[in-house]
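One structure follows; several queries about it will come next.
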Amino acid sequence: MARTILPFGPQHPVLPEPLHLKLTIEDEIVVEALPTLGYVHRGLEKLCEVRDFNQMVQIVERVCGICSCLHALCYCEGIEQIMGVEVPRRAKYLRTIWGELHRVHSHLLWLGLFADAFGFESLFMQFWRVRERIMDIMEATCGNRVVVSVNVVGGVRRDLSPEQCQWIEQQLIISEKEIRQLQTTILNDYTVKKRCCGKGVLTKEQAYQLGAVGPMLRGSGWAQDARQTGYAAFGELGFEPIVEYDGDSYARCAVRFRETLQSFDIVRLAIARMPAGETAANVEGANEDDTPRIISGNRGGIMQSYNRDKHHSITAAPPPDLDIPAGSLAAKVKGKPDGEAVTRVEQPRGELMYYLKGVGSKNMDRVRIRTPTFANIPPLLAILPGCELADVPVIVLSIDPCISCTER
Amino acid sequence: MLDTLVFVTVLLPFLVAAVLLVLREQNVRKVILVATAGVLALASLAMLRGGAFIMSPAPLYDTLITLGDFVILFVVLFVGIKRKNQIIIWLSVAQIIGLIILDFFMVKEHGNIPAFFADDLSLVMVLIISIVGSLIAVYGIGYMKEHEEHLHLTKSKQPQFFFFIVLFLGAMNGLVLANNLLWMYFFWECTTLCSFMLIGHDDTEIARKNAERALWMNVLGGTAFLFGIILLQKVVGTLSLQEILARGPEFAVAGGAILVPMFLLVFAGMTKAAQAPFQSWLTGAMVAPTPVSALLHSSTMVKAGVYIIVRLAPVYAGTYFSNFVALFGAFVFLATACLAAGQSNGKKILAYSTISNLALIIACAGINTPAAITAAILLILFHAISKALMFLCVGAIEQKIGSRDIEDMRGLFAVMPRTALVAIIGIMTMMLPPFGMLMAKWMAIESAHGQFLLMIMLALGSGVTVLFWCRWAGLMLGTPVAKAKPEAQDITVRAPLYILAGLALVVSFFSPVVYNSLVAPVVKMYYKAAPYALPYGNFDSPVGIFLVYPLFLLLGLGFYFALKQARKVTAAQCSQPYMCGEQQTVDGKPGFLGPLGLHVPVQSGNYYLEQFFGETMLSKWINVIALAVLVIMLFGGAL
Amino acid sequence: MITKIILAILALVAAPLLGALITGVDRRITAWLQSRYGPPILQPIYDVLKLLGKEPMVTNTWQALCAYVYIVGAALSVVLLFTGSDLLLIFFVLTVGAVFLVMGALASPSPYSQIGGQRELLQMLAYEPLLILVFAAIAMVTGSFKVSAVFEQTRPLLYDLPLMYIVLGYALTIKLRKSPFDISASAHAHQELVRGVYTEYSGPFLAMIEIAHWYEVILVLGLCALFWSTSVVGMVVLVAVTYLAEIIVDNVTARLTWRFMLKSAVGMGLVLTLVNMLWLYAQ
Amino acid sequence: MLGNLINQGRIKSPWVVHFDCGSCNGCDIEVLACLTPIYDIERFGILNIGNPKHADVLLVTGTVNHRNKHVLKNIYDQMPGPKAVIAIGACGCSGGVFREAYNVVGGVDKVIPVDVYVPGCPARPEAIIDGVVAALEKVKTLLGMTA
Amino acid sequence: MLETIPLSLDEVVAVAKEHFDGGWRLVTMTAVDVGEAGFEIFYHYDKDLVMKHYRLSIPKETVVPSISPVYFAALLVENESRDQFGICFSDIVLDFGGHLYLEAEVRAMPFCKVSVAQKQS
Amino acid sequence: MFNMTKNVVANLFAKSSTRLYPFAVRGHFEGFRGTLHINIDECIFCRTCQIKCPSQCIAVDNKAGTWTCEAMSCVYCGVCVDVCPTSCLSMSKEHRQVATEKQTMAYQGVPKKKKKEAAE
């Protein structure tokens, strides 16, 4: 039987990102798939050795431009855990809101790209049109469309005014209506189902054994979502993961579609329950008091000695409340991180894990990022063989690959 | 004069063959072969000039023929016993008994029937056999030399090989010129025997096995032929083909009894033309050296099968039986085209495509209108030229690259540009307008118009045909090298290639002339109507029009212009192929930088659509359906 | 004869321009359907002009040859259509172009172009029988394969062959590579094959292919027009409606796989043809 | 005359190919967003063609690293002239925030000549449109066309 | 503070097998350079959102048995550690040989502290 | 299919959603982090922005009184604006214009003597 060897990527219009797959196909049936990574590898974990731990927030945001907010969130939670910082409640809710908005925009983006992967261009256009509303919300509330830079160690940098909250809710209502119009198409259209159902089936056992995470795992019937661990405000909001049971591309699509709608509800709930906090103006007031919101380790010699005294008790007890100035969105962070922490948050693509290690200097000793796509690549390699070439984009996209996450 | 010509075309090859069998000197053999080829070609042309004729040789020959019949049958029986093949034994015994009955009890007045008779159909066949066949025989000289070098034979088997090849040419000429069906039967069995011996020529395990299969299937056909003529003798009372044809219309009206012998003869033709369910012998025969495949198994011997079917078409015209022949042909056309699409072995593709085209000819015979018969005759002619060309190309390629798999012919243009070009010309003449094959196919499809079932199968079949030809032609071009060095080749190999390629183009160009002088008379003779008018040399009928010369002119001009443009491209404008940005050429082999930093040379494969065109799966169904159609045909005929 | 020559020249010159405009309108309407503003109507012409000005780049010289033969085949088939020639002949001449397009694609070692070529062959395998069947059905009604015979009809073919018109539409979707059958090459390149059969053609050679595509659009629409041969208004309306439907279908379907295409094209085509023929016999 | 028409075509029909050269996806997604209804760069005749052999403009996002630098060069080499390169985002322009990382070579201009720099992190779709327009202006001056 | 369970070199595969059979998911592995003392490799397992962390301390240039035959998913992270720290794993299912991410021109083992010192100097 | 048909036909008759940038520019949102500006007269050359900048694209020379920023490396995080003690840094709402050459923002100011220690 004649075989064709196809270099799939790194420059390929279906993959917005450089990933190279050496596909061996027979009559368009994939018999072997071998990946090459490293086209996006920058080595940014290493940058923790030359940037201080506050600057690393901006660096880890740029691990991935789609879910930047959640990277920063995960990192900050880790540092806060090491340093024993209690984040203001309102900041937790704000983190939740922005995190979920990121999930919405990421899922809409994915739904569009997925539609494009099976050649449904107009559906791609429609999803991305809706997505622009979410991008507008980001831009209006965070100051940037994609990399929002709102998280800092100890809290958040921006606040939402009541008017903004109202406006967000309006936008969400419109968006939700528009998305629901597309629901029948993406979930029930004959041609779409023809292209998704039964493609790239990952069984329940496989999903667990191969370490799948996120919608990949939930699409195979496991109700596991890192949001259940209650990071940010999820502990107070209550959360039920969305599960589908077929394990194919369609199931993963359905999970993401339903999660999008679920995230709308979470955002609404979070806005409704958000504890009253002070406006951003007050925070700036804090600035005038010469108590900068971010206290980095990069201060004078006194600070350092102070920190050296304190670092034993970092994880011992909940920190005293007085670290949080009333009405502030960010806790004062004093000292330098010393200790280890593992934190997890649920990115749009799945569970994101950070391992952080500080040794009491302004630079972190080790930042280890395990991104969801990194975990989802082994399952991808397992489900690719046996599919048709035309289904390769569908299956590759069904894990929602984020190569820049994977390689960092 | 006529005597001489018939002698030259029929008997001379037998004599030359005998000489070749004992001759062991290479160069003398070469001279004799080339001379024989020349004489044959000239004789056939002279015969064409002479036109239709009837001839009875001395009665002595009748006796010789009868003797020859028995000799062949006993040889077959001997083979059957030696190989312990029950089928062959029983079939040859049946034939011996049948022949005894026929020869000694039924046919009393030997010699009353003219032995030879020729009309334009026969003459077209003689032309094909004598010109195309001779070219192949010449090609055989260079081919066999290299072939035996490959096999490292201690003792050359060429005398035996050329004995059968040249013998076959005579037998084939005799077959198409025969009027007495007993004579035809003798030549028929002759070709069977030649085919058997030549398939088994290399004497490998598989060759012996396939030769045996070919033998039993053809002996089955021979048996059908014999009993066909026995019945014919019984029903009609004569074995003169000419008389049967002349009285054709009255049989057609009468129907009934005549159709059973007709069925048997047509059945014999189908086995010879390797129609389903007997296609396996022809694909098996591809183990033989390529000149054999070209000569016996594509351009001439298998044509004997369709010749008899087309020949008898006027007899069964307008019957229920004829419709079934058409249906059968169309079905096999589609089915074997699909089988061809599923192959990567070049010779197997050619084999299946041969069967497919023969089936199309049979379908035309079954449609049985003047236009259809025109199509059939033109198909026989053009197919013989183009297919012989293709076979010879594959043979030459195989000797150079050591494979007959079309996957290995990727980028052949870089290795052997001349042969590759000739092969591409061959493929183009097989499938594109304005060349003869396609024109004939156009006639076939238009003549089928109104019979929708036929139409559907022809439509699907021609789609599949384009699929497998086109990808073959395309992949030979796939080379990054801008200019390639021409390959060295023996003149006896190259000349036939060039002459055949030239013939394919020129004869296509003169297709209106061919039609006017060769086809129209015979069609008019039997069907009392000419299907096409030829305004400005274009084929015109109420049903459709085929613009031969405008197409030649415009497409030719376009091609010339394209060629001129292509010549402008310089080597500097050549870039590496698109490989998603990872392209990398190592040692002149394009490829890409793959995982682990390794260079991966390009590798592409055609689609063989195992799912749709898988040989084992499909063959089973095809055989069942074909057999069913045959059975219905028989009972339809019996009714 | 003179009229035929004039028609031929008209076909040669006007057809690609009209085809370009139709392609431009197609892109504009597609944009509207997707709630976009869309490119100028003349965009296809700009594209081709630009491509003509690009540096020629090939992987081997065969591609240049094949691109030009492709356009010759396409142009010639339009000329034949306009001069009222034989339908099957038009089809076969069209095949010449298509075959050379594929050969050019196969002439490059790039796997994308190779697979594109293979897929294009499969597309041909799907639409060719359908077209022949449509032509056969037309011949059933008119008694001849000649285009001129269609124009001698007193009532539109659509009355007799409504289902065959659907079959024709099916075949044309495949021929024009519109979604859901943009399998061998996609107009917008977000496809697993990049540009499939076009991948290795570039610059002026791609321009030739684009122009050939314009000819094909006209040919295709001309074939549709045959179904309402009795009045010019009828033709225009039929063609416009058909093309609009084609664009909408293009926008509301996902790309399907070639396996599905083969099965459905042959299956659908045969069933519709048989039903239509039975109906014709019943009449 | 034909030359003028062709130049007209060059201005009206810049087909782009996008190569993600180690970007964080932010800019990539913004490039894709340009295609969508809100921005619709097809208004300018721009098609995201995906194949360097058909493209006139190369949009590069992201930092160049040691593995993808030859890919970038390969893609650039495969574009038939005349062609332009637009570096998008801080990373594409200079290496951005990752300049000091061990596997980063730097901006796109370390490997291929860049015609237009589009700053931003990530660059807004509007900025990308500006970038293409600027590239076209540059082409216009090169062709000696008056605006 | 991160609660970790110490692990010795010869237990690595057995522990992995035990967790695999027990329905645990391998979250990832983390390698950390602890200077003179060598490397620490963490094995993070997860079951129903409960995590277990195993800490394997090894001197430099120890060959660690790969758990990729048990957990296929470990292949990427083991190759990554090979790239970044030069930790050799025996019997990786698919061994990229230190070139998962890195080209030859990048200095080997960028994450090791020694190499940092070299780079800065 | 039919659902999508409804959708696309509705689009056909509705106004297109395209913003005709650059012919029609939509207003910017409040608080968008666009181009970085410095009021060099207010700058005390304390180097806080240089130290805090995650991208390290700002270079301040307190002796010569220069403030330079590699505009092409700026990641628009706004940290420098937040930390600037004199609020001389600001971000306008327009995105930075594209350029055909790499740009560096370089400002010459008068170094303020008394704040010099603070910067260190």
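Labels for the chains are A, B, C, D, E and F, by order of writing; each one numbers its residues from 1.
Methods note: a residue touches a chain if its C-beta (ideal position, glycine included) is under 8 Å from a C-beta of that chain, and two chains touch if they have at least 3 such contacts.
Here the structure is a predicted model, which is why all the values come from computation and not from measurement.
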item	value
Common touching chains of subunit E and subunit B	A, D
Intersection of the contact lists for subunit A and subunit F	C, D
Central subunit by CA centre of mass proxy	C
Most extensive contact between chains (C-beta pair count)	B-C
Centre-to-centre distance between subunit D and subunit B (centres being mean Cα positions), rounded to whole Å	59
Centroid spacing, where centroids are CA-atom means, of subunit C and subunit D in whole angstrom	33
Separation of mean Cα positions, subunit C and subunit B [Å, integer]	35
Separation of subunit B from subunit F, taking each centre as the mean of its C-alpha atoms, in whole Å	79
Residue numbers of subunit F (touch at least two other chains)	1, 4, 8, 16-18, 20, 54-55, 75-77
Where subunit B touches two or more other chains, by residue	575-576, 578-582, 595-596, 602-604, 606-607, 611
Contacts with two or more other chains, residues of subunit C listed in rising order	31, 33-38, 55-57, 111-112, 114-115, 188-191, 194, 199-200, 251-253, 259
Those chain pairs that satisfy the touch definition	A-B, A-C, A-D, A-E, A-F, B-C, B-D, B-E, C-D, C-F, D-E, D-F
In the complex, subunit D residues that touch subunit A	17-30, 32-33, 36-38, 48-52, 62-63, 65, 67-68, 71, 75, 96-98, 100-104, 121-122, 124
List of subunit A residues in touch with subunit E within their complex	34, 37-38, 41, 43, 45-46, 49, 208-211, 224, 226, 228-229, 315, 339-342, 344, 351, 353, 355, 357, 365-366, 368, 370, 374-375, 377-379, 382, 407
Contact set on subunit B toward subunit A in their complex	344, 407, 579-582, 592, 594-596, 600, 602-611
Subunit C partner contacts - residues on subunit A that touch it in the complex	4-8, 12-14, 28, 115-126, 129, 189, 191-192, 194-195, 388-393
In the complex with subunit A, residue positions of subunit E that touch it	1-2, 20, 23, 25-28, 30, 32-33, 42, 44, 48-49, 51, 53, 71-73, 75-77, 94, 99-103, 110-111, 116
